[in-house]
Each structure stands twice: as structure tokens, then as C-alpha cells.
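In what follows, a single structure is set out as C-alpha cells and then discussed.
Going in written order, the chains are labelled A, B and C, and every chain counts its residues from 1.
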């Protein structure tokens, strides 16, 4: 066979393989959406789930997912911002910094089930917090911190060093320059990082099954007393999320229509992730234009 | 010819170095320099790449603290500012700097000038407006941007950005202005305008400028220092350096025989 | 006036103080993350080691034994905790998934960087990102609903096992590996390709001989990352693997992985019991493997730099 024919064959082979993957992904998406969307009515989203009977919804699970997402972001964002800034701007180039970076990489590659079990051991059992929103939020924070930190670190490192020099030469401290000059430049990429992290958090289940738990006590949305067990705001109540709900239905579920509910819930999950993705791109572009004043 | 020729100007001295040595790790980048820069004059630092002139300049306002070790003394206002007790942030208000590449903040033209001012305690809006206007006028940028102060500084041309950086530096009313190859990123027309501007600025400021461009040094500076491989060989009035150098290396360099 | 300026130069100012505070605060944030990592390693390790030290599970038995029944004891009075089925299960699904995913990832990577038009690239890039974001339970659920019935029909039995596990993981790690491969291939300078083409090489020769060769470290790192993700993935695998800690007899016999055993069992055991400690020993293996994947990736990265 001559080189030209091999060249042609290689080209076709590559195109075929790309097409196969595209087909698989398309099939996956359409399977979820076609099976899920017909059941994912507004009613389904706003009615409580059923343990055994058919016809349950996902109201509380969806709320729990959102609540956990917000809480864990509130805890992890300041930490990740601080750590990311430290690594990008202040960390001296020595063995200690290299160790810190390595440990953060290790944390980011730890299986999320290990993170979940650690929080289960420490927070749920040892500190006797129990299966709760709080435990889940801490688990998600640990799960989220390393990746968010390195995204933020990258965002700060991507800013031209000349901006820092400019600030310093005007008698401003590095801290002031970082806060006032560099941080605004990183906002678009930090926002993107937050949104993408949100997608990851929203779909995470392994870190949660032994921290926020696998049960969703029915919530009373009129009850805003954060200490009441039926209050949606209570952080000490167990809280099954949407992703955990799908897993639970399919492993030990007794629910009569578990397939239909899972499909619909999966569709909702996918759509939320899709929205997060679109939002990240849209907001990222828009903010960049606004903050740098470019037209 | 002489081995070295370092002249001490007769005018009032704004800043001088005594046996200043700079090391990057174990490598000596600059050997014992003893230079005295006259007040309200322009001093040019010339020499080939790697001669240590930029290292020297960046040590004067302590911008090299993190990457290099600077030994010896830098005398400014009667005190040695190469001293860990010195508040470098205060110091840099007195010794301003403009860099090789224009580096305006990603903010409006107005904020570029007022950002550091407000940080240093000037809060009065009227006062700020006034400083913006005078600084931009001194940097010869006012007429081009006066109606557009809210525009992003990044939308300006390279030459305009560099002028904005000058305006931003002089807004703090420093005594000394360090310029690190300020025109190397500019086209010839912008460069010429820039030179005009600094000639006017010397009335109020002492200017120390690194340049690659020998015509620029000859045209616009009063004193010139010649750096070669980490050592200053000659410092004298520019007319002497360019027409009657006392050191062979200087002569070779200004006549373009190397570098 | 002069004296005043001199005074200021020697005094700490707002700038000095805020900078120290900023540095301390950000350093503390980094310290918290580091402490968390060390705490995880410490707690999981100390729990896992308990199984061997306190409960006297023999390490050799643990690594080579194929019967998992930590509640009962063998003739020597040691709990029966052979983790071989789980270890084989974990490695089985991981290797198989990586084996299937790698050629496809390479194909997409090459297509994206060498063949695709700009418009195609703009279409594929966000697709890859989207699929990286699809939650693992969705992959698991789809695997359960689609792949398991197919393997059941084709091979008989329950349909659960390593094959469906690997297929689900293949789709999951594909975007991870692909996006890293694309990054690697994009870093190869265009001049390399032009040089090859100028010497009369065909496009494929330039890709195969120049681009791919130069990208080997990056591609290997991508595969390692994909494998690490597959090895640590819990729920998607757990939903299709069958969850019985038996040595797999073939690719479609129900078995378990380290993660699936942990997820399905740890809630059923009591803290400090032998059964619980034995599960923590599995978690320790998982942790150690994650460290190994990290080290290997680092090592490849270093060797790649040297070249």
C-alpha cells in the first residue's frame, strides 16, 4: 500500500470514529430527553416525591440540590479565591509551595466517594452532625475547592504581570493592586469557573449519599423557621438531592414508577447542566466586554 | 584613554548610589555602581542588552526586591533607601516609574489616573479632576482625550497609552521619574512626541531613563551613563559621552562598533 | 517638609499593613485546603489500617483472597476479607474503559486539530465540555436502562458485570481524555507539521510521525487522568456492575468494584465493627491508587519535559 492510500484510509477511519462518538452522544442525549421530557411536567417539578406509590415528583430534591449548591458555593468561593490568589500572586517559589500545589492536585483527583466517606466519618459520625444539609455542604465544599482554586489561580496567572508592576510603581501594595486592578480583570473567568463548578456540584451524588443522606423529609415551604425539621431552610435536616434521588430509585428503590421518575429527573439534571454551560459562555463573554470596557 | 570615567555633576544631586551591587541568585548582574543623578535633569542609561542598565533602574525604586539582592546604598533625600526598614510603597510615591510596554489599568482613562491618588488619600472630586487635567496636559494627552475620560484606557493607541502612564505617574507628584525604555514599543512619530514631553517635564522632575536608542539619549538627555556587562564605565554630560568619550568601550559603543 | 517625607519613608503605612493582612488571609485559605487533604489521607489511612492492626485481617489474604465475608472468621481466626474481586473489578472496568476510549479520544483530537474546519471545531468543543458536565448518575441510569438489557440479550445472565461498567465509564471518561488530548495536540507548533509536509510527507504521515510522536507524554497523561476518573467513579459503575463481591467469571458476570462495594455496603455496617473496618481498608486501597495515578501522571509530565 502506498502512502497516499494510507493517508486516505486514515482520514476516513478518523472521520468514522468521530461520527461514532457523535452518534453515541447524540443517542445518549436523545434517550434521556425523549424518555424524560414527557414526564417532566411543571407539575412533576413542583410536587413532592413518593417512596412507594407512583406519580411522585421531585420538588424537595430539586430544592435540596439548589440549597446545597448555594451553601457549598458560599463556603468554598471565598476559600478558593483566597487560596487561588495566594498561589498565583504571593506564594514564593520554594518546596513548601510545590508541596501545597501537589496536595491540592491530589485532593482534586481523589474519588468523590472518598471525600464523602471522610466527611461521613468526621462530620456525620464523629461530630454527630448526622445526615444533613450542613454535612452535605461541607462534603461538596471539599469536593469543589481544589478545582475552583486552580481555575481561580489560572485566572490570576493569566493576567499580565505588567498590571501588578503598574500598581506597585504607583505606590500601591500588592494586595491593593490585586484587589483593585487584577481581580476585576479576572471576574469573567472566575464567573465562568463558578458556573462550571456549579454544574459539577449540581450533578454530584457520590459525595452526598453518606453526608446529606438519602431521605427527603417532606418540606413545608411556608415554614421559614430554620430550626424546624420541616423548614426548607433547616441545615440540620437530611436532604436527598436530585442526583442522589436518581441513584436511590435505581438501586434500592421500591417506587412503582422509578424508571419514569428517573428518566424525567435525569432530563431535568441534564437541562440544568446545559443551562449552566450556556450561562458560563454567555456571561463570560458579556462580563469581559463590560469590565475591560472593550466594545 | 581611561579605564573608567565617572563624573560627579556639580548641580544639586537628587539621587545617588554608593557601591550598589545587584545579584540574581549567585550571578552578579551589576557591579559596584557609584552614580549621582543631578536634580531636574534627564540622565540616560545606555548599553547593550544584558549590560545591567534596566536592573539598575528597577533597583532604584525597589521594584527588584523580590527577584534580586541589592547591596550598597541608594541615597535619596539624605537617607539610604536600600534598607529593609524603608516603606517601599511610600518610596514609590516619590520615585515614579514608566515601563517599557505601556501598562494602563483595564479601567477608564480617568480611573487610571485617579485610582492610586484616591488610594493615597486624595478624595476630593474637584481636586481629582484638577490633577487629571494637569497631568494629562503635562503628558500632552489632554487635548486628545478630554471629552472621553470615561473611555477604557485599553482603547487608546500605544503611544497614547504610554502618555497616559506618564500622566498617571506624575499625578502622584514624584520627585524622580524612572523611565524604562519608554519608547521602545512606539512608532517614530509617537517617540518624537514623547521625547518632547519629557524635555518639558524635566522642569519639575528628575528623570532617569534607560534607552536602547542612542540618538534618543544624545538628543534628549543631559547626562549619560554607559553600562557594559554589569558595570558602569562612564558617566558624564551627554555631549561629552557622544562627542568626546574618555573610555574606549564607550567610544566603540556610541560609534556603533558593537552592541 | 523634608523631615516629614523622611519620616514617612521609615514608617509602616496602610499599604504595608493591608499587604501583610492580605498575605496572611490568603495563605490561611491555602492552608485550609492543604489541611483538608492531609486530614482525608490521615483519617482514611488510620481507619483502613485498623482492619489489619486491630481486627487482624491478614494483608496477604486481603490482597489475594477472593472471598469477602469479614463478619466470619477463617480457620486461623482471621476475618475473611479477600478484596481480590473488587480489585479485579476496579482494574477491569478501568483498563477496559481506557482501552476503548483512547482510540476514540485520539481520533477526535486529531480530527479537531488537523482536519476539522473552524466551524466544526466550534461545534465540537462545547459538546465535549457539555459531556464532561453530565452527572454520573445520568450515565449510570442510561447504562442500566440501555446497556444492561443489551448485554443481557447478547450474553445471557443478568447483563450486569464488567462489560457494561466499562462501557458506561468509556462514555464518561471520553470527554476527559479527549479535551486533554486536544490541548496536547494544539501545543505542537504548526512549523512541525509544515516541515513534514514540505519534505513530501502525506498529512497522515505528518500526524503519525511528527504530531503524535511529539505528543506521547501528553497523551499518556490524558489516559492516566481518564483512568483515575474511571477508577474512582462510584455510582455510575455501582448501578451496572451487579454488586456481588465475587470473582468475575467473564465480562458479564455480576461482580463488584472497590467503589461499588463501599457505596452499597458502608451504610449497612456499624462503626468500628470488623465489617466496617474492612470496608475502610477498601477505601484505603482506593486512596492509594489515586495517589499512584497522580504520581504516574507527574512522572510522565517530568519525563516529557526533559525531552
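Things worth noting here:
We take it that a contact is a pair of C-beta atoms (placed from the backbone, for glycine too) under 8 Å apart; a residue touches a chain by one contact, two chains touch by 3 or more.
Every value quoted in this text rests on a predicted model; they were computed, and no experiment measured them.
Interchain contacts join each chain to each other chain, per the touch definition above. The chain pair A-B and the chain pair A-C differ in C-beta contact count, and the higher one is A-C. In this view the innermost chain, defined by its CA centroid being closest to the centroid of all protein CA atoms, is A.
The most distant chain from subunit A is B, comparing centres defined as mean Cα coordinates. Taking the mean of the C-alpha atoms as each chain's centre, subunit B and subunit C sit 53 Å apart. For the pair subunit A and subunit B, the distance between mean C-alpha positions equals 49 Å. One finds 17 Å separating the Cα centroids of subunit A and subunit C.
Shared contact sites, meaning residues of subunit B that touch two or more other chains, fall at 89-91.
For subunit C, the set of residues touching two or more other chains reads 15-16.
Within subunit A, residues 171-173, 176 each touch two or more of the remaining chains. Of all residues in subunit B, those touching subunit A in their complex are 61, 63, 89-93, 96-99, 101, 103-108, 115-116, 119-120, 151-155, 165, 168-169, 172.
Residues of subunit B that touch subunit C in their complex: 77-79, 81, 85-87, 89-91, 94. Touching subunit B in their complex are the following residues of subunit C: 2, 5-6, 8-13, 15-16. In the complex of the two chains, the subunit A residues touching subunit B come out as 160, 162-163, 165-173, 176, 180-181, 184-185, 291-295. By the touch criterion given at the top, residues 15-16, 18-19, 21-23, 25-30, 32-34, 36-41, 43-44, 47, 103-104, 107-108, 110-111, 115, 126-127, 129-131, 133-142, 144-146, 171, 174, 201-205, 207-208, 225, 228, 231-235, 238-239, 259, 262-264, 266-267, 271, 280, 283, 286-287, 290-291, 293-294, 298 of subunit C touch subunit A in their complex.
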